[in-house]
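For reference, chains read A, B, C, D and E in written order, and residue numbers begin at 1 within each chain.
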Amino acid sequence: MILDMRQVRKAFGGLVAVNNVDLTVQQGTIHAIIGPNGAGKTTFFNCVTALNPADSGEIVFEGTRIERLPTHIINRKGIARTFQNIRLFPYLSVLQNVVVGTHNQSSAGILASVLHTPRFREEERQMVEFAMSLLQQTGLVDKKDIYARNLPYGDQRRLEIARAMAGRPKVLLLDEPAAGMNTTETSSLEAFIRRLKDDGLTVVLIEHDMKLVMSIADVVSVIDHGVKIAEGTAETVQNDERVIEAYLGKRKDT
Amino acid sequence: MRLLEVQDLVVYYGHINALKGISLSLSEGHFVTLIGANGAGKTTLLNTITGGVQATSGSVLFREEPILNERSDLIVRKGIAHVPEGRKVFPELTVEENLRVGAYSIPQKKKVAELLALNFDLFPRLAERRRQEGGTLSGGEQQMLAIARALMSDPEVLLLDEPSLGLAPLLVEKIFEFIVQVNKLGKSILLVEQNANLALHVASYGYVLETGRVVKEGPAADLLRDDAVRKAYLGIA
Amino acid sequence: MKLKSIRPAFVSFVLRYRVPFAILLGVLLVAYPWIVRNPYLLRVATNVGIAIILASSLNIIIGFSGLFSLGHAAFYGIGAYTSALLATRLGVPFWLGFPAAGIVAGLFGTFIGFATLRLRAVFLAFTTLGFGEITRIVILNWRDFTRGPLGIAGIPVPRLFGWSFTREANYYLILLLCAAVILFVYRIYHSRLGRALIAIREDETAARSMGINVFGYKILAFTIACTIAGLAGSFFAHFQRYVSADSFVADESFRIITMVALGGTGSITGPIVGAMILELFPEVFGFLAGYRQVIYGAVLITVIVLKPGGIVGVKGVFEKPRATRRSWIAQALLPRFNGGTR
Amino acid sequence: MLFVQQLINGIAQGSLFALLAISFAIVYGVMRLVNFATGSLYMIGAFSGFFIVRYVVRDVFVAIFAGAVAGYIVAFVLEKLAFKALRGVARIASLICTIGFSVFLNELAAVLFGSEVKSMPAFYGQTAFRITGVAVSWLQVVMVATAATVLIILQLFIYKTKMGLAIRTVSLDYRTAALMGINVDRTISIAFSIAGAMAGIAGVLAAVYYNAVAFNMGNLPGLKSFSAAVFGGLTSIPGAIVGGYLLGIIENFGVQIISTGYRDIIGFIVLVAFLLFRPRGILGRKTSM
Amino acid sequence: MAKRIVVGLLVLVAAAGGAFAAGQGERAAATDGDIHIALSAPITGDWSEYGIGFDRSARMAIDQINADGGVLGGRKFRLSVGDTEGNPQMGTTLAQRFTADRTIVAQIGPFASSTAMASQPIFDAEGMVQLSPTASHADFAGGSRWSFGIVGTQAGEGPFNARFAYEHLGLRRVAVLHLNNDFGIDSAYYFSKAFEELGGEIVETDFYFDGERDFTAVLTKLSRTNADGLYIVSFYNDGAAINLQRQRLGWDVQVLGTGSLYNEQLIALGGDSVEGVCTATVFYADDPDPRVRRYVEEFRSRYGVTPSFHAAVAYDAMMLLADAIERAGSTDRAAIRDALAETVDFEAVAGNVTFTPEGDAVKSYRRLVIYNGEFRLFDEVGLPRR
């Protein structure tokens, strides 16, 4: 159990986006969260990363409570994420985007930066090297010098993952990583996520592409209207009547 | 008669190809739905039709008149109303003011009053709350307001973008009942929805969108039975 | 525009012979006093130097971090007064007053940053503008300490081993400072700190999610910029040898922000170009007399309308896709784009 | 009585600030832009009022009307010339543009009309009437009454007319406003011009009240009324009105209690302190107009 | 990025080269035997009204001198005008430009004390006369042997006005309202000191900043004292506003002000509210003195307005400089300075000039009063009936 959420609740005005949800993520698993649009999945991620801190409830990461910590500290503790509506730094190059991601891995201060101390240069070299290795893994190495905004959609998604990985997280939160990808892109993404798991990373993933979810998720949680309505392996969830209803709407017999 | 016709529409956001050549059409009095997963390009399509997004190529004809890349307000004045995603009710205007804004393109005061009465008939909840600020309404009421506001321009075509978003199932059904009622009033409807079951139940014809392309189209009843559609959504074998 | 078509060729030419050009430039800058042999041109160059430092430092706030500050002249003034008061009241030499000025201005910057950097951008702009006015009025009213409107006269020139800095020495001092500041800004830009600031500018939420302490870095950027402005103030005080509140009015803040925006927000060269243009404009166009300012205003508007990102701004950053309609100026001056927009 | 006298002085001056603050608020409301050329529009209003009174007809109300028209027209031209093209572009560009216009208009006025202070003919005698030791001049009465009338008309315009509704709608969400059939460009242009008219009216009132017209007369009031607008949250017209009057009153009491030397920053100090505790201003909500 | 820096710096060099060329051109054009004088004044910006007055007077003076046959046996004057914008830094750059131009023999100006003070070290180092018509900063003339002020220090005007107030107007309790700049502070200080030494009382002192238009608050405050007189240190436009607003508040009090009020615009702006306002000035446009007549009439015919006090001192500065050059018998900068320093009782339109060892002028003042809507000599007409 690396990440444990208890009774997390978040409301915007009158709308309760996340309603007392419990969720436990086991170390080294791929945990998918699915549910229709507007179900509160992204809000849930925002609670974990404190972009929209939860109104109540506890979030425990590796045994410590993190729900009151600011976003950047949570990231430093080892939780990284991507965004549903891609939030790259559009006018930074692909490589620079990933190097920014290594922020929590480095420590050079102003003085070192300005004086170009040997330690600074060594650190910079390591950061770039690490970033390059991530680009290698995500297949973006040829595009390292172009502006992030000029990448095709699928590449932007991959770059976001590479950037999140640059902080060497223990848990990676992916918000619809396959959205807008075609089938080949999706299958290479699938392989990539599997590799991350093999490397010991825990992945929490919000996804609409059911094929992807069903093939890689160890555990699937279903959220609808801010409430967790089902949880289990892909097969169990798939055949759950409430899940089908939540997705396709109530089946009317015609 | 073909009221609205979209041909080979291509849209880029910067270097991202959001629509890859979409064609569809809507005839007078019909109810057409466009279903597809998140990021398929449904909202982009509606925004392109009403001038919010610039298209790279293709054409959009309204009553055989090209309207692509016209200014939004001029398109609306021609008779196309658009209920945007997320409702976009003006939170600090009262319900009545929201409706009056909807009738902005109509110069005759008398006609505005008639439309107002008509919509209050259709949505009695709104009549009760006419002096309340839009932002204080519940999600379902806001959705009704958004639809009523669009009707205030007395359009021929109504574009609806995910009216079920974030609403409880019971409310969703209610909203859909309203939409059907509106269709019966003679308005042609293009509905974008991810609640495929519901959408295909109320519409007469459907298009399935995937990553900027129409992958399937047909009468709604056929699509409803089509396993491919179910698959696209749930991966259910 | 004409400039656009010339620039790539020019840039590639310069790039090809980058090393000889850099050496030539260095030699020219060092030899400048001996080439021009004219104290006036030397002074103009020195003024340009001060302006470059001010604009480059403000660029850290505006261009790198995407924040607003309309009170930069206040920090410049605080630095100038700190140094001037230390020198005239306590006899502190320039070499100690100089860092002290930076520290005091930086502390004020930190304070203002703490107080306002959580606010929305427009309120930050307002607060800095207000702080600028408050600073000026306090200088004017606190007569016992600052001599109020009388200003501080008789500020000694910097001395080193019994040798006073005048004319050429001042030029070399500012040349050195300028080079140091540009190098400093350049290295900040290309370091972890600079990347963090740019990330904040590009997308604050994403930056926060990358482990960047957004508030902390904003304050740091603000403090650094104010410190540099304070240093510039100290140099100015010892260079002009008289300071008064007249030099640190709101218009001066506007002038500095104009240098940054006109030259190009967010790039290293932008503020340098902007500072040169604004400093040299009155010198070169002095013959226009009363019409000079009118023309300056018109030129400023035209340039900004045609190139909202500034003359050498980082491409695209502050120049988002323009609306479909163009203003009268743009219609008259820009050739029509083909296709696409209407 | 001293208290009442300073209060009256403050309200009279506050009328000017309120009109200028509205001008800021309208422009910020529809364009999210701080218009530093507001002071120049005030100056232009004052000059047109001055020329009317000098050469056409000696009537305050005609002058006020002329000031409003001049402010409207000049603002309209500024918007067409530049701000239209800068919509959607980084805000710093528009901001610099307003600074550029301020320099341009001020110095143009100096070149065209001369840089010396022009004297506005005196209106309404100069004699004060007194109520228990408090002097109120007719001019103060006229000024406050005019400002109040203008404010009421504006309020009616914004809340009761179709164009007013369009302006409010555009300030809330211009994308959705376009979907309502509102011509956003034209609405912004009209709102900007109305803001210019407000500044123009303030300029004529100031010219009459202080009997003086000069090319740089708008600089200080422009800067100060920005703080009045911030007081009201920057997008709220009622907020701007309250902010304007409050600023006038606070300044006058500040002079009484402290010194004239601190007058120009009393508003800033109060406001900066205030912002630290209530970052949205007194009356301002998120986006209200 | 590196390439951008290189390009940018190249532009710098090109621009500097261009400016240099411009400077050189100016120098070459000036070797025709004319005597080259510089004028530094705020031609644009908030103070441009005064700068333009300087410009007009100086040009007129030069035309008159040249028409009268020039100096040093027929050599003519030529004027270079520089704009300070009222910004001290611009003023210092101008100072450097003028001193670097070896054809220029002396500078007239600048207008503002802050600019004069800021450029003083340059004139001191380069050795050229800076003759300011208006700078009255206490440290200005004494700050350098090359700096001269002809406006007369406040040490002269203040006590004169104090006697005017105490002895002629019979005031005993005076409130002071002054412009908060070097001139205003000094004026208020010298006046107050002298007035108290005479036995009067300063009941309250307050000040305001340039650009202020609303004086009702401060006047309300001052009116609640038991003052029988109000001493204002301000320029004419503020002076008019103060009196208008004073009248509107119904505060009926004897007003006395510094010579800076002396401008016919004061009456135009202030209307009947300035009736009875007294001032002391070194320049009086209706003075029957022929030199004053010649100046005033020609100024009126050229520019259509009556010259103000500030314009008159600029005229004097130019005339005095011509006189000093004639006396020096040379256009050598040092010789001009020495001749200037020896000036005794130079006959000027705005009060005769004799320099103190510091380089300040000692002036004689005249008492003026606004009587029936015009400036009149107080000693002739007394106070208007109210």
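Following the convention adopted for this analysis, a contact is a pair of C-beta atoms (placed from the backbone, for glycine too) under 8 Å apart; a residue touches a chain by one contact, two chains touch by 3 or more.
Owing to the predicted nature of the structure, the values given are computational and were not obtained by experimental measurement.
Trainee: Farthest chain from subunit D, comparing Cα centres?
Mentor: A
Trainee: Of the chain pairs B-D and C-D, which one is connected by the greater count of C-beta contacts?
Mentor: Result of the comparison of B-D and C-D: C-D.
Trainee: Rounded to the nearest whole Å, what is the centre-to-centre distance of subunit A and subunit B, using the mean of the C-alpha atoms as each centre?
Mentor: Chain centres of subunit A and subunit B, defined by C-alpha means, are spaced 32 Å apart.
Trainee: How many angstrom lie between the centres of subunit B and subunit E, each centre taken as the mean Cα position?
Mentor: For subunit B versus subunit E, the centre distance works out to 73 Å.
Trainee: For subunit E, which residues are shared contacts with two or more other chains?
Mentor: Where subunit E meets two or more other chains at a single residue, that happens at 44, 48, 52, 180, 209.
Trainee: I need the residues of subunit D touching at least two other chains; which ones are they?
Mentor: 107, 110, 259, 261, 264
Trainee: For subunit C, which residues are shared contacts with two or more other chains?
Mentor: 137, 140-141, 290, 293, 317
Trainee: Any idea which subunit C residues touch subunit D in the complex?
Mentor: So the residues of subunit C in touch with subunit D come to 62, 68, 115-116, 118-123, 125-127, 129-131, 133-134, 137-138, 140-141, 250, 254, 257-258, 261-262, 265, 290-291, 293-294, 296-298, 300-301, 304-305, 308-309, 317-323, 325-330.
Trainee: Using the touch definition from the top, list the residues of subunit C that touch subunit A in their complex.
Mentor: Contacts found on subunit C: 183-184, 187-188, 191-196, 198-199, 202-203, 205-214, 220, 224, 314-317.
Trainee: Mind listing the subunit A positions that touch subunit C in their complex?
Mentor: Where subunit A meets subunit C, its residues are 49, 51, 70-72, 75-76, 80-81, 83, 87-92, 96, 99-101, 103-104, 106, 108-110, 113-114, 116, 120, 123-124, 127, 147, 149, 163, 167.
Trainee: What residues on subunit E touch subunit D, complex-wise?
Mentor: Interface residues on the subunit E side: 44, 46, 48-49, 52, 180, 206-209, 211-218, 220-221, 224, 236-237, 240-241, 244-245, 247-250, 265, 268-273.
Trainee: Could you please specify the touching residues of subunit E with respect to subunit C in the complex?
Mentor: The contact residues of subunit E facing subunit C are 1-13, 15-16, 18-20, 22-23, 43-45, 48, 52, 81-83, 85-90, 92-93, 96-97, 99-101, 112, 114-115, 117-118, 120-121, 125-126, 137-139, 143, 180-182, 184-185, 209.
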